[in-house]
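Structures are listed in the sections that come next.
You will see two complexes here that share chain A, one where it goes with chain B and one where it goes with chain C.
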Partner chain A sequence: MTSSAELPQAPAHGACASCAVYNAANLKKLGIKPGNYDYVVAVAGNPNTGKSTVFNALTGLRQHVGNWPGKTVSRAEGGFRYHDHGYKLVDLPGTYSLLSTSNDEDIARDFLLFGQPDVTVVVADATRLERNLNLVLQVLEITERVVVALNLMDEAERHGIDIDVRHLARELGVPVVPMAARKGDGIPALLEAIEQVAQDGATAKRHRVAQRHPRIERAVRDLARQLERAFPGLPNTRWIALRLLEGDPGTERAVRDGTLSDLSRAWSARKTAPTNLAGTLE
Partner chain B sequence: MTLDQLRQDDHATVVAVDSRGGDRRRLMDLGLLPGTKIRVHMKSPLGDPTAYLVRGSVVALRRSQARHIRIEAHDAQEPT
Partner chain C sequence: MTSAEILDHAARLRADLPSDFQDSVIESIYTDAARITSTSISHDTERARLTVDRVLDKVLTHPVGGFAAMGLLFFAVFWFTITGAAVPSGLLYTLLVDNGHAWLRDAFVAFGSPAWLTGLLIDGTYLGMAWVVAVMLPPMAIFFPIFTLLEDFGYLPRVAFNLDRLFARAGAHGKQSLSMMMGYGCNAAGVVATRIIDSPRERLIAILTNNFSICNGRWPTLILMGTIFIGAQAPPALASLVAAASVVTVALIGVLTALIVSWGLSKTVLRGETSVYSLELPPYRPPQLWRTLYTSIIDRTLVVLRRAVVMAAPAGAVIWLISNIDLGGTSIAAHMTNGLDPLGWVLGLNGVILLAYIVAIPANEIIIPTILMLTMTLGPNLFDAQNGVMLELGQTQTHAVLTQAGGWTLLTAINLMLFSLLHNPCSTTILTIRNETNSLKWTTVAALMPLALAFAVTAATATAARLAGGG
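Moving on, here comes the complex of A and B:
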């Protein structure tokens, strides 16, 4: 499987289509003009994991704001073509969690919940994998269409950290691509993984946090059903139900005043991270 | 014992996070969960804030935050 490609790109074994050089040649960077696109790809991850480096490597963009203050989000969209398909890439603000309360984190979360990208690339820092897996697991709760880009592998190697990528991919149930995006290592494998998830859709066996009590499970199901009735077409009702059970005030408000449906409509219609986001869940 | 009482070079394990709401969420997102190994990385001159080493990352906390994290301290010699 492509997801477990070794870090130093393996030389071509005759089969042209699986060769890294061949695949990289199929990449056409489209900068900020994605044109007609077939798939929307979100790039998420903890702060400082190299999301923007990955983003730039795929779109060919060079100038790009690295940080997001307060309420505004710099427009971070780009595009590329790969094997005759157009991809629109949306770079999300760095976040440790989808449950926290800062503004940038709301934007990342709302886009994943309601924008429903075809693929979500979670960029993880290989030198701090344990902490980064928190976000990976949270994203897996929302969508199974995930590729984990295990970035900074060169740095991890320097620190003597050895990661069993194959095992990690098996445990998570989604492709894991080891990368050193700064040097361009792993980009061909990432493209292949993105294409695979975009076209084949969900992998059947993604990891989900399991130890849920049957009573909680019943409460979630009941609430989710009510949410579906109140907000027809609303995605991820189970996730929202869990937040309500937690007593999350932002979610409560959005359900009570009906802004939840506006949110989901706005995001799914645009499939884009707006420059100035007025209403988020919070 | 709470985290703000942990001395330089001592190792500890988080027992509970007693803060509430968003604060608690944030700490847990940064990897401070019951069972997590933690130690002091650097202290500012007055000890507030203090930087801690958690799961390979450095996390700086104010004393008012560290006070809500209950820990069990170990000897410095014990491997983490």
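Moving on, here comes the complex of A and C:
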């Protein structure tokens, strides 16, 4: 046990983690039994970014997720309690994008669109920032309740890569938490960011991708406007417009069978009452 | 607007979109990601290891230079394999075949074993296995570690990247180049690897064309033919270079065939859209030399060798039996060879080769020993071979047997290489295709389409050569 007197100058990891004053002490790992939860947190990210390490650090599970690109079809779930709130964590398959036709991407995309997680943690590899941002930007098109866990900061440092985290956070309009999850660095800050987004929602204006082709941009705007009118409250009308322009059968079905209407009602309700009732209803 | 109106509206807007719509959407995202990255990141110039990667990638994934580098690299790998395997192969021949076979045979005879049992076990089964070990172990023990080192270094994804454009143009999935890479080890593994392709149409194309990746079982045939027939045409100093070049050429013909067949399939029975996907090029890493050597020898070389030996044993026995059981004064093998000869002539091959391919359906590894043994049994006896004995020969003797007893020409050797590249997959691969596709129809197509192609191509080259006055 570290005495509280040492705390101020101590860096935020290692020995301090068990101290009562320290935030992470409020973390109770619940393994695969989330019990009653107040919030649903999705964990997305490129393959091999340490997604599972983050997932394991939060839940206390030892999930081994294979490196083989393709067959992680099931999604892992776990839970933790933090500051008296229950969180259910859903580990999504690692994907590079949410645009193509792969099974993994369908699972991740559908969960983000229809599962309405309260927070989506996108684990990004700091040594491959650009590629990882491609996914972050796509997730931001679907939801604004995002925390970017900028993992492998220790590796990035070793490669001589210096990332201006505050600038990045400003650009993206969502919290960015620098981490080295293997060593446990940054877990407390991540918990804080998750809590903040879960309770307060998005506080800044998220980055939106504008279509570079003017004809596409016009079509997206046009269709998104119609969607906003038909389904008020949806945070991702531009994304849905893109999918419809593409002729994606799943999205067309969601328009036709009332799924989007349900989502629109749920999002509208959430705007007035920030706490998700899903957990207590179950 | 109602739901139906929104969908109609979307359909109207869609008609007006540019044709590169999906690419443009992806490009918009990438442009933003690149801009944010460049403003958020700064490199420490002293430790700019990534620039080495970038320079390497500039060369290795260059639209033209990438292919040149690829050809050169594979050429070097085969040349190294061919020249490096010659000496240890010779030693193994002497040990296992010359001495081991004689010693075992003497021991059996000394214990009073009947002639048929000695023949079946020693001359058939043992010699078949010994041949496979002697011929296959040295090249595999050289080829696999080099290949694995390249993989570990991060080169193979670059090959996939280079080929991606070609596959996309052929209407196939770019990831097909990855499953093809697996096929260069073993087609059954390559077929399983097509699971990474999600679209069923593109996956089926990848399964049907995986056969054109030359597997372990076929490399020895190609390397031997390239060495004793094609390399032998060149002056001795250049022989191994020419031999390596011929093997690379056949491998390239394989890639070309895979592309053409993919294109043909996607334009006819398997029509559809090409999926967009992203392929990550991992950073180059200094390969872990010793670990790679260890794992590639244990995991790949020995596993493949075990399979070859297991398959060679019963095949050796079958060969001994059909050569020694007579029907009306002639052995079964002779009957079958005579029956297959006309077809063999049309294909620029001969009945012995075709019979060898029938016997070797379970494993391509034993084609060459089977051909040699049948040729010597059925033809004029040059080296005092007993019926059904897979006699071991050096390279010069092999050449002598095939040209003098078998009547082989350069055309026969070239067509055997082409036939080996194109013909139907082995039984293990066919079973794997059955499991993966769950369709008898596509399994049949996967087995017969390459065979038909092999017939067509070899018949064409044979006819062309005969018209040109060769052959």
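Simple rule for what comes next: the second predicted complex is superposed on the first by the 184 of 282 C-alpha atoms of A that agree within 3 Å, B and C clash if a C-alpha of one lies under 4 Å from a C-alpha of the other, contacts with A are read in each partner's own complex, and residues count from 1 in each chain.
Keep in mind that, in the parts below, contacts are C-beta pairs under 8 Å (C-beta built on N, C-alpha and C of every residue); 3 or more make two chains touch, one makes a residue touch a chain.
What you are looking at is a predicted structure, and each value in this text was computed from that prediction instead of being measured.
Colleague: Looking at A:230, would you say it contacts chain B, chain C, both, or neither? Reply first, second, both or neither.
Modeller: A:230: touches chain C, not chain B.
Colleague: Does the superposition put A:171 against chain B (first), chain C (second), both, or neither?
Modeller: second
Colleague: Look at A:245 in the shared chain and tell me whether it touches chain B only, chain C only, both, or neither; answer first, second, both or neither.
Modeller: Touch partner of A:245: chain C, not chain B.
Colleague: Would you tell me the residues on chain A in contact with chain B in one complex that are also in contact with chain C in the other?
Modeller: 96-97, 99-101, 130-131, 134.
Colleague: Note which residues of chain A are touching chain C in the complex, please.
Modeller: Counting only chain A, the residues touching chain C are 46-47, 68-71, 96-97, 99-103, 129-131, 133-134, 136-138, 159-165, 167-168, 171-172, 207, 209-213, 215-216, 219, 222-223, 226-227, 229-230, 241-242, 244-247, 252, 255-256, 258.
Colleague: Which residues of chain B touch chain A in their complex?
Modeller: Its residues touching chain A are 22, 25-26, 29-31, 54-57.
Colleague: Would you pull the chain A residues touching chain B in the complex into a rising list?
Modeller: Per the touch definition, chain A meets chain B at residues 96-97, 99-101, 127-128, 130-131, 134.
Colleague: Could you pull out which chain C residues touch chain A in their complex?
Modeller: Answer in residue numbers: 1-4, 6-7, 9-11, 13-14, 16-18, 21-22, 24-34, 36-37, 39-50, 195-196, 198-199, 275-278, 280.
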